[in-house]
Structures are given as C-alpha cells and as structure tokens.
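First subunit A sits with subunit B, and in the next complex the same chain sits with subunit C.
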Partner chain A sequence: MNEIEILTWLRGPGLQISVALFALGLIFRTVQNLTIGMSKNLAESKGSYMMPGMATIVRRSLFHPGTTHRGYFTMIAGYTFHIGLLVTLFFLEQHILLFKSILGFAWPSLPPAIINITALVAIAALIAVLLHRIMDPVVRKLTDYQDFLAWILTIAPLITGYLAMHPIATTYQTALILHIVSAEVLLIAIPFTKLSHMVSIFIARWYNGALAGYKGVKS
Partner chain B sequence: MSAPSSTAHRAIAALVEQIDAPTATFFTSCVHCGMCADACLFYTETQDPKYIPIYKLLPMRKVWQQEFTFWGRLMKAAGLAKPITHEELDEWEELVFDSCTLCGRCSLVCPMGNDITYMIRKFREGMTAAGHAPSDLKAAMKRAIELGSPMGVSLATLKAQIKHAEQELGYEVPIDKQGADYMMLLSSAEIAQFHEIIPAVSRIFKAAGVSWTLCSEAFEGTNTGIQIGASDLAAELVERIVAGAEKLKVKTVISPECGHAYMALRWEGPNLIGRPYPFKVVHILELLDDLRQQGKLKTKGKDATRMTYHDPCQIARRGGIVEQPRNLLNEVAQNFVDMEEHGEFNWCCGGGGGVSANERAMPRRLDVFSRKKKQLDDIKVDRIVTACSNCRNMLEEGLEHYRMDNIEVVGLTETIAQYLDESA
Partner chain C sequence: MSKQDNLLEILQRQGVSRRGFLKFCSAMASLMAMPPGTAPAIAAALSKAKRPSVIWLSFQECTGCTESLTRSHNPTVESLILGAVSLDYHHTLQAASGTAAEEAREHAMKEFFGKYLLIVDGSIPLKDNGVYSTIAGMTNLQMLEEAAKGAAAIIAVGTCAAFGGLPHAKPNPTGAVSVSDIIKDKPIVNVSGCPPIPVVITGVLAHYLTWGTIPDLDKHKRPLSFFGDSIHDRCYRRPFYDQGKFAKTFDDEGARSGWCLYELGCKGPTTNNACATLKWNNGTSFPIQSGHPCLGCSEPDFWDGGSFYSPLPTPSADVSTVALGAAAAGVAAGVAFGLYDHQKRKKAKQQHEKITVKDLDE
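This part shows the complex of A and B:
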C-alpha cells in the first residue's frame, strides 16, 4: 500500500467503520445506562421531573455562587478547550467538505488563519488542564490512566491536524494520514471512555434537576 | 486475579441492585475535575484530598465499571480487573459514614450534574449489607428497632413530658385521639432534651384551631435506617408510622423539626414500603407557614435580637423548604440576617446523615465546624434559629468547641410560640 492507497482506505471504509462505531457505541452506551431504569417514585410530588431537569441542563453551564479558584480554572479552561475544538472541527473548510459527503449539506467555513488560532487555543487549553491534573492535589487524587489516555486521544487529532496544515517535518500526505488515523481512533474510543460524557452530561444534568425538581428543590 | 472476599461479595451484590439509570449515567459522566471537593466541608476544612466527594465512591465506581460497562466486563472476564476487597471497604467506611453528612452540596455544584449524594446514599446500602457500618450506627439502629427510638427514648419518657407540658399549659395534650386531622411526630432529641417543643406546638395548634394528636405507637420521627443504609429496617420504621396514622385515621402526618426525619418520611418512606401513603405528610414549617398565610397563626411583638437561620440540609437543599422558615421569622424577628451562603447553598452543621450518632467521628466533625464558624463570624449574630434538633445539638457543640457559646441556638417552632398571639 502506498500513501495514496492508505488515504483512500482511511477516507472510505476507515471512516465508515469509525463513524459507525462512534455513533452505535454512543447510542448503545446511552441505551444501556437508561435501560437499567429507576424505580417509580411513590412519594407525592411537590414539583415535576421534566422542566426542572431541563433547567438544570442550562444552569450547570453557568458559574454557581461560591465558585472557587479551582472551579473557575476548570470551567474557563473547559470552555476554552471545547469552543476551540468545536470551532476547529466544524468550521475548517476541509472538515465541512467531509461533513457534506456524510450529511449531504454544507455551511460557510472560517478562514484558515482563524482556524489556526482556534486549534492552537484548544491545544493550549488541553496542555493547561493536563498540568492542572498533575499539579493540583485534588485532581491528581482522582486521576487514573484513563484520564491520560483520553487526553492523548483528544490532543492527537489537533496536533496532527495542525501539522497537516503546516507541514514542517513531514510531508502533507503523511501528516494527513496521521491526522485521519488519530481522528478515527478518537471516534472509536469515545463510547468506551469518559469522553462519552459528550452525551451523558446532558442526561446526568437532567436526572439531577429532575430528582431535585420532583421534591420542589432547585438544583 | 483473586476472587473478592466474602464481605466484598455481599457488597457487590447489594451495589448491583442499587445501581440504577441515574447512577450509571453519573459515573459515565464524571470527568475527574474535582469541583465537588470545594463543596464539601470535610475537604475545605481539612484540605485532605481523600474527602473529595466523588472519591468517597471509588469502590462503588469499580463495581459499576466491572459489572455494567463493556470494557469493565471484558477486563473482568480476562481476569485483569481488580475486584473490591474487604480491606478496601474497611478503609472506605470512614469516608462514607464518618466524613459525609449526605448534605447534598456536592450534588449542587457538579458541572456534569452528578447527584453524588444520591449515590453515597446507595453506597451505604452496599456497605451495610456487607457489615461495613460504624458500630455506633448499628447500635442506634438496634435501639430504633427494639425500643422504638435510636436514643432509647421510651413511651414512658414521652408521657412524662406530656404530663409536664399539661401542667405548664393547664390543658390536655391530645394523644391517641381518633379522627384528628394531624398526627404530630417528634424526634428523640425533642422528647429527651428540648422540652419546650410539646408546649409550643400545643399552644400554636390551639390558637390556630388545628385538630391534632400525638400517637403512643408512632411518635418517633427519626429513621436511623436511611442513615446507615438499611432499606428493610428503614421501611419497618416507616411502617410503624403508617400503622399509627391509619389506626388514628388522621389526614396528615406532621414531620418534626428534624432534617432526616423529613427525608425519611416525606420522600423515601413510600418508596421504602412500596406503596403510596393513605395520608399526606407535611413538615412542621410548611404547616406553620400555611397557617400564617391563612391568617390562623398570629404573632405579637418583635424580637430585636440579631439572629440568623441555619438551613438543615435535608429540609432546604434536599427537601425544598427554604422560603417558609424565612416567612415565619419575618413575622417575629426585627433584626434577621442571612448567612452569605444560605438556603440551598447553606453549609452543613457537620453532624447530619448519621455522623452525630457516630462517636468516633466527633473530633473531625468538630474540626470541620470551622466552616460554620466562618459563616457566623461574617454576620456576628447573637442567636441562631434552626429547624432540626440534630443541627441544634451540633451547632451548640460546635459553638462550645470554638468558644462562641455566647451565641444562642433555638428552634423555630418555639420561637414562633414565644410570640404567639393567643388573644384571638
């Protein structure tokens, strides 16, 4: 296989397999969690499940009163990383072309100069959270090998993507192969790691708000 | 790898039963950010990372991973997963029972939305099923089942208190009155220590024209079963109240000034016994505020003392009763001031969730009271009003420990009774 053949495979079957595993894996994991079920609440309610659950999905995106230094760092670094990542993912022209091939429609892209910045911002934020994970005694106490694995899986497509846009040490094609491989590995890994929080966060927040809302509590 | 030891086996079986859709979703969502640490007074006051709320759930997380997730099951099947051990559970007993009051503050700040307290409540079921519960809580549980009260308070003690109250009041305190609208429960501490509560409710209900009664077969509102995490025993205690209420054919049962009693009776009770109640449950604060709104509870005079209100966790953050006590205090207090973090965000007294009943937990409980001390130092009050006899004891002990016992601690119901307008 030469580089062109590898690229063709990665863009064809490789992409299909990884997207399928990503989507089916996330659906499977979500359904698996939900179907454990919970017992019906027999206590007379003082509120409801639905709307308080929805409200908590929104409220937990905000700083709460009493947010500490650790909280501010976590939230700000978290937002910075996610925004940088999502803008890079959804507004680079080449990415949009890929989405068009899957979804059948496209949207306007941002200039490469801006994507350069958003990618670097996401990388910088990831480095910051890694340092925080190693240095902060609380976060370090909670850290296991999966946290480092998830970090490597996440930063790899960003770095290889940046290299593909700015080929220095490698050729464009080599960098592109590494980029697509790392992205496909990430897609496959998401459902099996803590990265599946991309779906479960909304359900968890909803449950929290709903469990409280039933009792007439704001959460 | 090695098979789990026998107590760990029992814990695993109990935890598998406890893990439900919310629990699995919460564990799936945790990104190990540590923001819950700053919501827990056991962490903030000691700065020891072992008190991070989500860390207290590590063994339960392992069980979830190994029994419920694809990777975990694969690793377990391949013999690569380490099962939880007897020693691990022994070590965690201190974290789950001595250093968590189920106060619920962590559940309020988790950016993922994890209700950590909900999970710790469940973890305790697994710990207790495997025998890993503090001996003091086991003893309290035994007294509650055998004697009807975790503190060993008997019907004779209650009757003696009623007699005292009747002498003071000059009229009868209703007990076992068939067909009354309300049946009042009390906490052991109210019967044993806070003697002012029976005269206070008697006077308030008389002035408001409320038809009520005590019940000789069901007067204890507390429930050690939900603290230790023994649902079967907790259910038995709830059944006693249901039987008493059904026998007297009351419409409503009143939960006393006690945090976990309200949680046990109002929110967990029907789920513990597996059927809805044939009566309603209200907290005494809800009832008093209703009576106030209906114009049936009138007060006269105002108290000029600078005072604040300490929200019991299970009543405010976990129970939803935040406005009512403030409405009531507003009637009688001229100089009321809230602590900066209050209501849903109030800091725990340090002794809820069974911690106060666990003697070996006392030194740390008093140590972490420094959080409440800071809150109080900020507002400089002369009196704390609260609505939980356990909080009240914890506040008094904490204030004494920090030489702040110039601050008085009182119950809300008795405060209202003190200013009751009985002329109407």
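This part shows the complex of A and C:
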C-alpha cells in the first residue's frame, strides 16, 4: 500500500468506521444513562431538580474562592488545555473543510499563525498536567493506567497535527497519515474510556446539583 | 549519424555551440543536485559518450508522454540529447512500420544485448493473458519480458509505466500493472507524471551517459533530485497557504489575487514532482501558476484519490449518512437497553417479597 492508497482509505472507510463507532458509542452511553431515570418522588417538594442541576453545571465550571491552591493549577491548566484543543480543532481551515463536507455548513477560520499557538499551548498544558499527575502524591494515588492512555490518545493528534503543519524529520504525507490515524483512534476510544466525559460530565454535574439542590423531603 | 560519433560532435553538427553545451551540463549538474564541480565532469563524459541504443516500447498509453518529450523546448540541447540517442525502435516516431519495424527492434536487441536502454511508456495488461494490448501479435507482457532481458537499465516514462496509471484505476478492467510489477532483476527508474516533465528524462539520460549508472532514487524508484520535494514545499503560492489565504472559487477575489488553491482541490501537499521549480514549456509556467490546482499526477493511484476538485481533507466516501445511521442506531440501542433495564427492575420489584411483622414473629 502506498501513501495515496493509505490516505484514501483513512479518508474513506477509516473515517466512516471511526465516526460511526464514535457516534454510536457516545450516543448509546448517553441515552442509556438518561433512560435509567430517577425514581418517582411521592412527596411534595418546594424546589425542583432541574434548576439546581443546571446551576451546578455552570457553577462547577467557574473559579470560586473555595478552590485550593492545588485546585487552581488543575483549573488553569485544564482550561488552557481544553480551550487550546477546541480552538485548534474547530478553527483550523483544514478541519473546517472536513466538518463542512460532513455537516454541510462551515464557519470562519482563524489564521494558521494563531492555530500554531493554540496547538502548542494545548500540548504544553497537557505536559504540565501529566507532570502534576506524576509529582503530586494525591493525584498519583488516584491515577490508573487509563489516565495515561487518555493522555497519549489526546496528545497524539496534537503533536502529529503540528508535524503536518511543520514537517520536521518526516514528510507531509507521513505526518498527515499519522495525524489522521491518531485522530481516528481517538474518536473510536472516546466512548470506551473516560474521554466520554465530553458528554457525561454534564450529566454527572447536573445529577450532583439536582440531588444537592433539592429542597424537600424525599419519600 | 553513425553510432561511432560522440555526443559533442553530433551536437556541434546540429549547431549547438560548446558554450551552449557547457551551459546545459551546468544546468544538469544543478538540477540533479550535484556539486558545481561536477559540471566539467559531466561535460567531459557527455562529449565522449557514444550514442546509446534506445528501444522505446509503448504499451497501454495515450502517447501523451511521447508528445511531452518530443515537443519539449525546441530546438535546445535537451531535445537534441533526445535526438542524439540512437532511437532504434519507437512505433510512433519511426518511419518503418509492420515487419520492418519489429525487425529493427529485434536487430537492436541482438546487436546491443546487455547495453541498450529500454524506455517504456504505458501500463501492461495481465488479465485474460494480456489480450487487451498486443503489438505485432505479441502481448505487451511478452514484448516487455523479451526486451528487458538484454537491457542495461529500464526507464519507465509516465505514471502508467511507473505505477499503472489510468488503466490501473479502479476497476482496472484489463488488469494493468507497472513495469516494476513485472521486471524485478533490472535497474528501473520511474519518471512518473501524466505526462512527465521533459527535462527530467533528459536529466536521467544525461546521468546515465555520464556515469553509466542510474541516479539515486526515492522509495517509488523516482530520481530523488527531481522528486525529492513536494509541489507544496516549492510552490510560489505557499506563503498564502501559511497565511490561511485561500481561493474559494475559480473566479473570486482570492483566485484573482493568486491565493492558495488548497480549497479548490490542490494535491500539491501530497505530490512529489519538480513542476514548481522546473516548470513547463521552457520554464514558462506550471498548472498552479496558471490558476489550476495540482492533480497529483506523479503519485501512484492518483486517479483513485477522490475528485480533483475536492480539498485534501474531504472524506473519500460518504461519512454523513454513516454518521446519521450510527447516531440513530445509538439512540435505538440506548432506548432498548433502557427499556430492558426498566423491565428488569419492575420484575425484581414484583418478585420482591415483603417481610411483615408476622414473618418476624416466626
């Protein structure tokens, strides 16, 4: 198989398989979570589940005075990484062309010079959180192999994508193949790993908030 | 011209000055990425070189490669180098036809056994015993295998001979393959392109005449000095790519301003060739310069890489329908599992036996 054949496969059947598994897996898990439902509450209450749940989704995403010094690092590095990743993913012209051909619509892109920075910032933040994970005794105790797996799966498309933009010690074709492979592996892995937090974090925060914010007796 | 004449004598007879010849040698040295000091060596070797016998076999092809090479920059040294080889068989260019033509080929193969250069354009059909292309009652496969036996080296000219090209494109009805799919025991140089750049084949010939060897090749057996860089890396429109300035249609402001053609389907980033540096028609222009995206014609299987006009990131198959189908299946499976869980819980509740005070008494 030569590069053009590999690229054509990755852009065709490879993309179909990975997008299908991603959509099927993530939507299945989300719908299954939602259909569990909550048991019927027979007692009359003063409040509801909905609003406190929604408020918690917002509140848990904000900086607040109770956050500890250690928490600040997690929040700042976490936000830096996520913003860097999402801007790189959704505002690079090449990516928008892909979304356009799948979704049917497009949006304005950012200049490559800015995407270079957001990609590098995301990579740097990922390295920082990995060091923190290894060095901090508390976080280290909470770490299992899946955290390293998620880290590798996430940083791989960023590094290979940067290489495709600036081929160093490789050709553009090779970097592009590695980039698409790593992105497709990531898509497939999302529903099966804790990377599915891209949806479940909202459900989990809502549920926590709904339980804590409920005013009234539960039957 | 007798076969004993050396190249310089032939060129001088055709009105090429020594100065013109030396200029050509320097250009060849720099084109092939040789140190400047090799130009005199090329001149010395070329001026003494005897006319090599060349047998040119045309198989499943469109004659575009021959057109490209014979209509190169007339009347410069490049075209004369082509004229200076002893082209003993080329069924488009030779005057003889029929049995006389085939005799010329057989004669050259016998007389210069082990020394002649074999140039091939076009792919070789293998399906149904190769009946889809025959010359003088011989299949292309038979003719190639026979001619390859006595060849010093083989130059596969054009993407069809190098990689199978258009006949090899899906569904490949004739079972077309490249020269290197068949011949394994001879040095092969692939000069790919649809058609290839004339000066590239002149360069390969000059290299062979000078050193008696074939040049350094890349993994697709293409001369590294011409195919070492991608069109994209050498493109004069590259700064626009780096700035994110793209022409969106063929007649918008971006197209008129000469911006990057990436979004119009340019395959420059995945194509290695020398178009952006050597250019075509005596260095006049190349496709991207005239406003058309690169098709990627010097890469294997470029016909099967999707539309020429869809950008590189575009999927090569329908992803939207697959994604929608998968999403619907995800919802259905989620609801089905949810209902199953509900049923299970309901059943468990029904089967649950409540303990009464009476039970505790016992």
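Quick note on the criterion: the second predicted complex is superposed on the first by the 213 of 219 C-alpha atoms of A that agree within 3 Å, B and C clash if a C-alpha of one lies under 4 Å from a C-alpha of the other, contacts with A are read in each partner's own complex, and residues count from 1 in each chain.
Keep this in mind: a contact is a pair of C-beta atoms (placed from the backbone, for glycine too) under 8 Å apart; a residue touches a chain by one contact, two chains touch by 3 or more.
Quick caveat: nothing in here was measured; it's all calculated off a predicted structure.
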Touching partner for A:M54 - first (subunit B), second (subunit C), both, neither: neither
First (subunit B), second (subunit C), both or neither touched by A:V185: neither
Touching partner for A:A156 - first (subunit B), second (subunit C), both, neither: neither
Touching partner for A:A23 - first (subunit B), second (subunit C), both, neither: second
Touched partner set for A:L211, first subunit B, second subunit C, both or neither: first
Subunit B versus subunit C as contact partner of A:V139, first or second or both or neither: first
Which partner reaches more residues of subunit A (counting touched residues only), subunit B or subunit C: B
First (subunit B), second (subunit C), both or neither touched by A:G71: first
Touching partner for A:I201 - first (subunit B), second (subunit C), both, neither: first
Contacts of A:E93 with subunit B and subunit C, given as first, second, both or neither: second
Touching both subunit C and subunit B, counted on subunit A across the two superposed complexes: 29, 32, 34-36
Touch list for subunit A against partner subunit B, complex: 29, 32-39, 41-44, 46-47, 56-57, 60, 64-68, 70-71, 74-75, 78, 133, 136-144, 147, 192, 194, 196-197, 200-201, 203-209, 211-212, 215-219
Contacting residues of subunit C [partner subunit A, same complex]: 220, 230, 232-233, 242-244, 246, 262-263, 269-270, 296, 299-302, 304-306, 310-320, 322-323, 325-327, 329-331, 333-335, 337-339, 341-342
Complex contacts: residues of subunit A adjacent to subunit C: 2-5, 7-8, 11-13, 15-16, 19-32, 34-36, 93-95, 97-98, 101-104, 109-113, 171-173, 176
Touch list for subunit B against partner subunit A, complex: 19-26, 28-35, 37-39, 43, 47, 49-50, 52, 54-55, 68, 70-71, 107-115, 118, 266-271, 274-277, 280-281, 317-320, 341, 344-345
